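We just call them A, B, C and D in the order they show up, numbering each chain from 1.
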Amino acid sequence: MTIILIEKYGKKILELSGEIDMNASPVLRKELMTLVKKGVTPLVIDFNNVSYIDSSGIATFVEGLKGMMAFGGKLKLAALPSAVKEIFSFSKLDRVFEIYGSIDDAINS
Amino acid sequence: MTIILIEKYGKKILELSGEIDMNASPVLRKELMTLVKKGVTPLVIDFNNVSYIDSSGIATFVEGLKGMMAFGGKLKLAALPSAVKEIFSFSKLDRVFEIYGSIDDAINS
Amino acid sequence: MKNSAVITIPSHPQYLSVLRAVTAQMCMLSGMSERAVDEVKLAVDEACSNVMKHAYRGDTGRKIMIQFRIVPDSFEVIIEDNGIKARPERIEGRDLDQVRPGGLGVHLIKRAFDTFTFDKRKKKGNRLKLIRHTKGYHDNYTDRKIRQKDS
Amino acid sequence: MKNSAVITIPSHPQYLSVLRAVTAQMCMLSGMSERAVDEVKLAVDEACSNVMKHAYRGDTGRKIMIQFRIVPDSFEVIIEDNGIKARPERIEGRDLDQVRPGGLGVHLIKRAFDTFTFDKRKKKGNRLKLIRHTKGYHDNYTDRKIRQKDS
């Protein structure tokens, strides 16, 4: 997994690519929680190049979301490939997360 | 590996896709030698969707070429991905086979 | 040995990518649909992540042995470790309506496999046997769940 | 066990895809370039194809054990079988200027690995040890060959 933080129209976007498994999750968690602790909001997560996610990846986003909600911040998941989206639906987390079809939709929402 | 025989501008094209290894080679050999024995010439092999080839695959084409040459027929290899082409160069077989950049080049040659 | 492959990996999460690659290829050999391959790959990853977390408590220098068997009407995965014995009666996913990290792995394993049992005969460590029926069933989660409830 | 994985497959060519998947992932873990991954994957496939053809003479129900070791300055692959003993002095690729099927595998194995040796201590069957140096060398065939000639 690789992580790149970019800015578009003044909004911070975390671009992820590759596989988010138990090996990658601790790295992602550190990055994500640093941004959450800094109060960066909204934070958009770009899933476009994520090919795989397991429950440790999902748990990391749940943690990020809880951190955001603690101060009224917003975590927006965008451009999820169907296989990744399916795991969120299966775990009933698509009801809890703000999920957008594209980065632009997430930014303009 | 999958094999499809098509015809374009009256020329026969064997479209291959997937991995040509020791498991796939006997299937390919049967198909190829049947066409060679029927005297189908020129026969174009479309490598565009071949992701992998090992020495058993290479050996199969050497056999096919020899069969073709026996009656003055032509075997034309086309659209080789660079990794596949590299194996032909390494084995010095790029000097022996007629190799074309595209199917159209092979047909029009 | 026929139609069976065994892989032994260290209990370090970086080897999960190796495990997923083998799992996916074995699933493809068994003739599963693409969707089924994805489900099983994820389930085997989750089961081995659990061994790393729970049986080995994060010790990354231990071994996990995973056997794959393609049999006429099922696909079987046997996962062995030498770690702390699991208490099967305490292995339970969280209520999915409750939002918190964790507790999802077991659900993902049970979605892909019809049987999830620890072999009681194993003295030290654990031997988890996962079986997915492949004949006469649809590759469909709903069907699978209904069938489980019926049986 | 650390930085090592072992897979056992049946001697049926359909398992070569499983083997290639593991090989590629192990190469990636060791930090090889994409080109090096492709070379090593092909070499390991060739070495195991040779076991199936020559050591087992096409019997598809036997076993091949492949061990991968990521060590600080090399990537090692050990391939074991219980088949007919190879006569290392007779293993030779064909002259590449001679066009005929066969005899290419050994060249492809030696392109990817610096060392190709059968372990003489093994009593029954074969244990082939392949070593690729990874430190201080370029991932480049020409360099590799020059180095071999020099030494």
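Everything that follows uses one rule, which is that a contact is a pair of C-beta atoms (placed from the backbone, for glycine too) under 8 Å apart; a residue touches a chain by one contact, two chains touch by 3 or more.
Bear in mind that the values here come from a model prediction, so they are computed numbers and not experimental data.
Here the chain-to-chain distance from chain B to chain D, counted in touching steps, is 1.
Computed centre separation for the pair chain B/chain C is 41 angstrom, with centres defined by C-alpha atoms. Chain C and chain D have Cα centroids separated by 30 Å.
Mean C-alpha positions place chain A and chain C at a centre distance of 26 Å.
Contact of a single residue of chain C with at least two other chains is seen at positions 12, 14, 17. All chain pairs that count as touching, in label order, are A-C, B-D, C-D. Residues of chain A touching chain C in their complex: 19, 21-23, 52, 54-56, 58-60, 62-63, 83, 87, 90-93, 96.
The touching residues of chain D, counted against chain C in their complex, run 1-10, 12, 14-15, 17-18, 21-22, 24-26, 28-29, 60-63.
Chain contact summary for the complex, chain D toward chain B: residues 12-14, 16-17, 20, 38, 42, 45-46, 49, 52-53, 96-97, 99-102, 104-105, 107-108, 111, 141.
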